[in-house]
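The structures come next, written out as structure tokens.
Each of the two complexes below includes subunit A, the first together with subunit B, the second together with subunit C.
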Partner chain A sequence: MGFDLAFALSSVPTILGAIGMTLSVALVSCIGAAAIGFLFDVVRRVGGFVGLTISFVIDFIRSTPLLAWLYFLYFVLPFYGIRLGSLTVGVMGLSLYYSGYLAEVFKAGIDAIPKGQSEAARALSLSRRDAVIYVIAPQMLRNIAAPLGNYFVSILKATPYLAVLAVPEMLGRAFDIASETYRYTEPLVVAGLIFLALALVISHGVKRLERRLLAVGAR
Partner chain B sequence: MPMSLFEIWLGILQGLGTTLAVTAYGLVFAVPFALVFGVAQYLTRGVARLLVTGVIEFWRSSAVIILLFVFYYALPVVGVTLSALTVSAMVLGLNAGGYASQAVRAGLQALPAGQKEAGAALGLSRPAILLLIELPQALIAMSPTFVNTLIQLLKATALVSLVTLTDMTFRAKEIAQVEYNPVAIYTALLLAFFVVCYPIALAGRWLEARVAAPGSRSSGI
Partner chain C sequence: MSQQSEPIVDIQGLNKWYGALHVLNDVDLTVASGACVVVCGPSGSGKSTLIRCVNGLGSYQKGTLRLAGTTLGVNARETAAARRQTGMVFQSFNLFPHLTVLSNCTLALQRVAGRSRAEAEHIAMSHLEKVRIPEKAKSYPGQLSGGQQQRVAIARALCLNPRLMLFDEPTSALDPEMIKEVLDVMVALARDGMTMICVTHEMGFAREVADQVVFMDGGCILDRAPARDFFGGSGHPRSRHFLNTVLKH
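Entry: the complex of A and B
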């Protein structure tokens, strides 16, 4: 029993068939994580007791494994009568877990904007709202674009965790083939290579984006 | 009779030994990999650098959960039988090592060229410059990043519960089979990881503050 290339190739269409699921789970989770992370950072800036609490929540999330969060949500929510599909729970878990990291991305992205920018906006008598929309937000977006892209890759690589909740993404499909044929190596290698290729291609794109944004910033 | 909260907590902590063992054993793979491949990526050019980068990217850019399953199921097929502990430590360790190697390389690249040139002016050989001048500075500067990678490794060990090792996550699942109290069990699991990882994160922050200081002092002089 070695590596059966023909069998490996025959498993490609089935596994690749779930690539849409994998990418949309990653995209929705990334948006969810960014939304929660942004909220965390904004509330943290309020300071005081609320700010400290949010800082602690972020630290707690960052000190605990994704797998434990997935189990927590999957088994605890039904205990309180909240019945959600495994896909929803999976996306919630990924969003929550990565929100702790994205809060730091937003923090760095906002802190990196020189204070002179908002002062200049005020000197030009822009309203607070206009200053945020036309001066602060565009610069923040430029600062966070590359780290956000890198976290999208991290989230993408974490989507196979959802196979433990039986979400039909690519690793789940690979295990389906494995349990039908009793051959684990080939489908798992195929799934692994597809993820590796996706991660490398998207990382490369993020790097190019980063270089362009740096060039724009330096002008 | 239902288990008390204390018994659940103790039950999960029975897996702490395995969690820590996989982490420590993983470091045995991660540290040499990060040093050797980080330095190699820094020093090599052309084809050699492509090969080094290829190995690093394989371990760093793959989805670690799939790597773990691939090696767990595929190694016996090609005639290599390793224990689940060794396979887990190797996969998780080399994945963490891949991340850390980038910190090693970036730390070396960030040093001013004058450091290397000063070493050469003093008549030191290239290996001596690397070992005595470049690496110590790079490793100290990047130490907060290494602490973060250690925390990532510790958290990733939760995956070993999927390949039959009885770590804290495995214990939580076991307890959940005999005891219907998911709130207590999974809260305890999260808390157990928090108790282990948070002090390390705090130590990393302390280190970060310390590491930032000498650099600013030297530039002041």
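Entry: the complex of A and C
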């Protein structure tokens, strides 16, 4: 059996109908992962026992499969009375899993700021808060913008994992069509192409952003 | 120079250790209002450490340091007020790369001195004119040469109207052809009556405007003399030796 273009096109609206779900899951998870990752890195900088514990947690998160996290949150937590919807579990799983990676992004982004920057801020008598807001944070954001964008693409590509929790994202929809019609090629190709298009557009945006940020800070 | 007024900096028996390393060893130094003091000495002798103590960027373990009449570290509010009377210029410029030249200068005016944006920009422009770089106000630091960046850094430090300027090897990171434009600004500043402590090995500058030259080695001030005597060949053998090596360059 060949590739039925008409059938492929007829599956597009259904699959594309889930693009909002895929994008919003990816976006919320990326924001969650960034928030947790940032917190991890800030706490890790405290050092001592707390810092070591956080370092261990980050390594632990990064060395366990995403699927294990999703199953754990979905099937194990209810035993302890915590019952969450599949969408919540999916977003939580993605956020936690990628927070370990984003903690490293924040670390690199902050460490790349020369020590002289905060010294200059102190020499100018800026308060610690103002130094963070006006001197450190903008430079950190500039440093992390590109890697953060790349991780957003990674998270986007990981959203199909949520199919195991029956979250209606794009690949799940494609699979639904496939199992109803017993035709796998067309819906999967369509879903794949939509992912490809999304990733290309976002990567292009990230590259442009990066170039603009580099131009401003040219040294 | 007014003899009766209190010195801006009065350091007595300052000591600092990094672990077992004795970086400042019983340092005494007073700087009168309007004076220009040049600090020199070999690498690792504690010059940076000393001037970083003066504006509170660095800490010390023993001794007293009075800045603009305030003993640092006794009262937090008074210490902050005294620190605000100092401006610092670093070897590596340390301009904020994400801000324009003008914003580099207005940031502290707005956030520390509480000036309005218009006031801050007016003040900043007057200092950028003083260091002869007003046309770059809208540029970013990365678009300037090293000499231009250092002049902006001087303007930025001057914006808060400090009574004391600290320079830590302001020309060491510069290509030779840019050193002069920065030194010219510093000379003009000294002639204008600004109180300055300059860590530098630019002996031409020292000869021209320094009231006092201080020679440090191993955390001690080994020699201090009015510039005339220092270059006249009197003084500690170590500082004479140092002078000979520096002047040969």
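Quick note on the criterion: the second predicted complex is superposed on the first by the 218 of 219 C-alpha atoms of A that agree within 3 Å, B and C clash if a C-alpha of one lies under 4 Å from a C-alpha of the other, contacts with A are read in each partner's own complex, and residues count from 1 in each chain.
Assume contacts are C-beta pairs under 8 Å (C-beta built on N, C-alpha and C of every residue); 3 or more make two chains touch, one makes a residue touch a chain.
Not measured: the values here are computed from a predicted model.
*Asks:* With both structures lined up on subunit A, is it a clash or a fit for subunit B and subunit C?
*Replies:* Aligned on subunit A, subunit B and subunit C fit with no clash.
*Asks:* Quick one: classify A:Leu102 as touching subunit B (first), subunit C (second), both or neither.
*Replies:* Neither partner.
*Asks:* Touch test for A:Arg142: subunit B only (first), subunit C only (second), both, or neither?
*Replies:* second
*Asks:* What is the angle, as a multiple of 10 degrees, that the CA centres of subunit B and subunit C span when seen from the CA centre of subunit A?
*Replies:* Angle at the centre of subunit A: 100 degrees.
*Asks:* Regarding the shared-chain residue A:Val76, is it in contact with subunit B (first), subunit C (second), both, or neither?
*Replies:* first
*Asks:* Is A:Ala123 touching anything from subunit B or subunit C once the two structures are fitted on A? First, second, both or neither.
*Replies:* Touch status of A:Ala123: second partner only.
*Asks:* Please work out whether A:Leu171 is in contact with subunit B alone, subunit C alone, both, or neither, and reply first, second, both or neither.
*Replies:* Only subunit B is touched by A:Leu171; subunit C is not.
*Asks:* Output check: A:Ala26 vs subunit B and subunit C. Expected answer is one of first, second, both, neither. What do you get?
*Replies:* Neither partner.
*Asks:* After superposing on the shared chain, does subunit C or subunit B touch more subunit A residues?
*Replies:* The partner making contact with more of subunit A's residues is B.
*Asks:* Tell me, in angstrom, the smallest C-alpha to C-alpha distance between subunit B and subunit C in the overlaid model?
*Replies:* Nearest C-alpha atoms of the two chains are 19 Å apart.
*Asks:* Under the stated contact criterion, what part of subunit B meets subunit A in this complex?
*Replies:* Going through subunit B, the ones touching subunit A are 57-58, 61-67, 69-70, 73-74, 77-78, 151, 155-159, 161-162, 169, 172-173, 176, 182-183, 185-187, 189-190, 193-194, 197-198, 201.
*Asks:* Could you list, by residue number, the parts of subunit A that touch subunit B in their complex?
*Replies:* 1-3, 59-60, 62-69, 71-72, 75-76, 78-79, 153, 157-161, 163-164, 171, 178, 184-185, 188-189, 191-192, 195-196, 199-200, 203
*Asks:* Give the list of subunit C residues in touch with subunit A in this complex.
*Replies:* 55, 57, 80, 83-84, 86-88, 90, 92, 94-99, 107-108, 111-112, 140-143, 156-157, 160
*Asks:* Hey, which residues of subunit A end up touching subunit C in the complex?
*Replies:* Counting only subunit A, the residues touching subunit C are 114, 116-117, 119-120, 122-127, 130, 134-135, 138-139, 142, 216-219.
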